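Each in structure tokens, the structures are laid out below.
The two complexes that follow have chain A in common; it is paired with chain B in the first and with chain C in the second.
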Partner chain A sequence: MNDKDIRALMIRQLGQIAPDVPFDTVDPDADLRDEFDIDSMDFLTLITALGKELGLSMPETDYDQMRSFVGLQRYLSSHVT
Partner chain B sequence: MTGPANDGERISKPAHVRADANMENYDKVRDSFSWEAAESALDGLPGGHLNIAHEAIDRHVAAGHGEQIALRWIAKSGARTDYTYGELFRLTNRFANVLRDNGLERGDKVYALLGRVPELYIAALGTLKAGCVFCPLFSAFGPEPIHARMEIGGANALITSKRLYQRKVAGIRDRLPQLRCLFTTDDAKVAGTRHLQPLMDSASDIFETVPTDPEDTALLHFTSGTTGKPKGVVHVHQAVVAHHTTGRLALDLRAGDIYWCTADPGWVTGTSYGIIAPLTNRTTMIVDEAEFDINRWYDILFEEAVNVWYTAPTAIRMLMKAGAEALGGRTFPHLRFMASVGEPLNPEAVIWGNDTFGQPFHDNWWQTETGGIMIANYAAMDVKPGSMGKPLPGITAGIVKVADGKATELTAPMSMGELALRPGWPSMMRGYLHEQARYDKCFKDGWYLSGDLAMRDADGYFWFVGRADDLIKSAGHFVGPFEVESALMEHDAVAEVAVIGLPDEAAGQIVKAFVALKPGFEPGDDLRLNLMGHARKRLGPAVAPKDIAFRQNLPKTRSGKIMRRLLKARELGLPEGDISTLESDEA
Partner chain C sequence: MSQFVMPSLGADMEDGTLVEQLVAPGDPVQRGDVIAAVETQKGAIEIEAFEDGFLDRWLVPLGAKVPVGTPLAMIRTGDPPATPDIPQPKDPAVPPPPPETPQPAEPDLPPAVPEDPPLAPEPPAPPPEKMGTSHRQRVTPAARRRAAQTGFDLSALGGDRVISLDDVPSAPTADAPKPLSAMRQAIAAAMARSKREIPHYYLSDTIDLTAAEAFIASRNADLPPDARLLIAVLFIRATARAAQSFPEFNGYFEEEHFSPSAAAHVGMAINLRGGGLVAPALLDANEGNLETLMMRLRDLVMRVRKGRFKARELAEPTITVTSLGDRGVAGITGVIFPPQVAIVGIGTPGWQPMVIDGQLVARRVANITLAADHRVSDGHRGARFLRSIIDHLQQPEAL
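Right after this comes the complex of A and B.
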């Protein structure tokens, strides 16, 4: 899976959780939870869904690397083989 | 006699821990306790007046503690900013002057819609100094919950950020005729809003705290009901007597402690124990702007050398799930007391705390209406994991049965009934704003009825059983099904809707909606997402349903009332119970 696919997957999964927030209105470098107006539960749902699709175990202790859209994308890219 | 879920389990406290606690002997303190004596721990103001902000800040500065750090703010970036009691004194004076300069008078309602930023704390205390009423709103609310709470309370002023203004307030402002002043913490550059910083800079830092009457309204907190609009819970300045006392007895707070309450001030815990009690007890409060994050939280506990930590089951369960390796070798030698509130903490989490931190989490129980902790596990008392503990000194709790319009106390151990309290403690609500009938309904035969079902064991420990109504508790906060249903009903496709709470490992419960569609609409993923988006836009992530399912029809009684209880039982595969009133069933 390349960067483009990962990005598309992220946008699709975020669209499931926050369908009211168009992707082109968010700042990908800013706080992911603020930008998509999602709470901790939504964030967990997102991570679980991404982990399942990509076959990744994403431990809670890595969540601090996933604070922005770009950060999360970078994390996924570097962990997906 | 032990509690239901954990036969024989009891965590005893070592002698040195008991001897060191603020309340070494629960029974002894309870026997001799009086609220009048408790009040003498505070200063008061001449002529029998009392103001929370004076007790929280002014008196400490007058006593020579102006140099002590009152608030250490940790920004999302990790940067630390310290505010001493002296600085907080001057900043809250400035804020009170800003309110006066902008025509806000004693008794006016000042709302805050902010994340955990210093301005929130300054606004809360400055508002109280000015004799105004402070009402915090949770920043994860959407426009509709915000509008309902501002309209019911008659908000006269709002402090918010540019971002929250644009996303959540701009669209409802026209519908808030009483809102005269709008301050933003950054320059919104929007007509009719004022940037707070320059106003603060030019305001005087001298202000004489208004000598409020103990029974003057100080705080307004909203809570959800099963039916109808949210309820505005009125608290008065006298409540500070309970905040201070319970902070000392139930949280073991001491002057000079480093204290971290992780609750957001948008909820009552984050105000009573995230602003008031820590300051009246002259602790140093840690405030973290960021949301829950495991590494960050362990770093804060470790680096700030936190002494007392007050948090919530959702977070504790997530920490527990991450396991011991998440600790990364960090130890917490300064941590003296850990407490939890929001919903019952499961016994496993209490025991995990004991194994991991060398002490259990001390669960306690209270409500927005009670204003302060009512039942608690104490530093010097054995913990029965899963129990909420025993009533505070000065609090009489009972298990009552309400039948034929009468409330009768059930005294046999482990009888199940409604958890009830004898009214009269200082932080008891003084009313639901404009809702006398709903307020009156909370009281019967000299008891305040909590709406929670519970049991008391032979040792006097209380055990939570469930809710007596359909209220949902998600991540420790009540969500009123009616509020969610109302927002969904506004959607063109929706004919009827019922909202219930489903068990969730982390959040306790999550909100799920069942929707029956109008003719001409087809259920499907697109419509489901459309409904989710609709609900989120209006309600915000804290209130909107996390899941939506379609039904042809919803189960109803003869009078047309949707049977949420039945939907829930079916969803969980539980017995359906009494369905004699069921008239039309789901399909």
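Right after this comes the complex of A and C.
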């Protein structure tokens, strides 16, 4: 899976969790949870979906690297084999 | 034979529209089976059978809006019907479904009309007098203004007399100011009732969450995301535990007296995207382990976000927890959801300096509040109840 696929997957999953937030209005460097107005349950749902799809465990201790859209995308790209 | 009635859907809902009949006449039903769905201001609610038997017949057609307590179906208890294929007589007593009215507003809440309704575009200049018509329609200024605001067509009234304000329907027919959404009306009704009837008192304290967060972190460390716990389950479980020791905060105040509940059905305030909130219950929040409670919380939030939950979950919370999560502000003091008598509010956790054993240390803390009903309890017991929740959170492994 290349960077473009990962990005598409993220947009799709975020679209399911926050269908009311158009992707082109968010700041990809800002806090994902603020940008998409998602709470800790939504974030867990997102991590669960991405982890399943990509076969990653995405441990909580790595959450700090996943705070922005760009950060999460970078994290996924560097962990997907 | 017994009646299956529209159950209570919470203090703020008096009726619902039957939108799904999930069991056919002659089919077996078991206690707990979802046999119907009802549309309410808060979304679609699934209604469960309360006894075993067979569905005899439906008494209310699909699409009918009926008050709480209305018999929806007949349940035959005991043996299966002797002749399962009794031809279903068309019941003449059952009225046809009322025409679909896309009007969510309840009649008992007037639509919110701003004091100065935005004027509709100036009424088109009176149409030029048709040449040859006998006389010009005479309309009072007030009537003309209302017609302009509501889009009412004055020419429909004819021209044989003076048209006054009373002749023009006040119900806006076009470009109406938006009435409150059904959800907002339900919240407004319940919260206004709460503030009118419940003499609230308020207490607050600080929870040291260091132990609780460490517990969650070590539990989750080796677990895949779908098995991880959120700290919210500790808040819910700790509240349920404390509620069992302090029954005057767990139950219903109805008809001038308080009935404590043996079970702790902890309502969880859940924010909805697009506005509004609901606070359905995690039933029997004292039972099962934390993993089970977390699974049930996930399932509940998922269903709530889709606008679908069970009648019991909405009608039966015995106490509510409202938690601001990790992106909120320091504190929240809730408004009690009648007929409950207490609500616990938990702010967003953060770092704060604390003095422990004479040392200044940085700890993870959150503000916690209790709003409770003075008709049932006083601040002294309230303080002990709140302290009990905090104490339970200091021993998360025992939750």
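By definition in this document, the second predicted complex is superposed on the first by the 81 of 81 C-alpha atoms of A that agree within 3 Å, B and C clash if a C-alpha of one lies under 4 Å from a C-alpha of the other, contacts with A are read in each partner's own complex, and residues count from 1 in each chain.
Following the convention adopted for this analysis, a contact is a pair of C-beta atoms (placed from the backbone, for glycine too) under 8 Å apart; a residue touches a chain by one contact, two chains touch by 3 or more.
Predicted, not measured: the structure shown is a model, and the values here were computed from it.
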First (chain B), second (chain C), both or neither touched by A:S57: second
Contacts of A:D20 with chain B and chain C, given as first, second, both or neither: both
First (chain B), second (chain C), both or neither touched by A:D39: both
Chain B versus chain C as contact partner of A:I47, first or second or both or neither: second
Overlap of chain C and chain B interfaces on chain A (superposed complexes): 18-20, 33-34, 37, 39-41, 44-45, 59-61
Chain C-facing residues of chain A, complex: 18-20, 33-34, 37, 39-41, 44-45, 47-48, 51-52, 57-61
Residues of chain A that touch chain B when the two form their complex: 15-16, 18-20, 31, 33-34, 37-45, 59-61, 63-64
Residues of chain B defined as touching chain A within the complex: 76, 140, 163, 167, 291-296, 314, 318, 321-322, 325-326, 328, 474-475, 504, 506-507, 510, 529-530, 532-534, 536-537, 540-542, 546
Contacting residues of chain C [partner chain A, same complex]: 217, 220-221, 224-226, 228, 230-232, 271, 273-274, 297-298, 301-302, 325-327
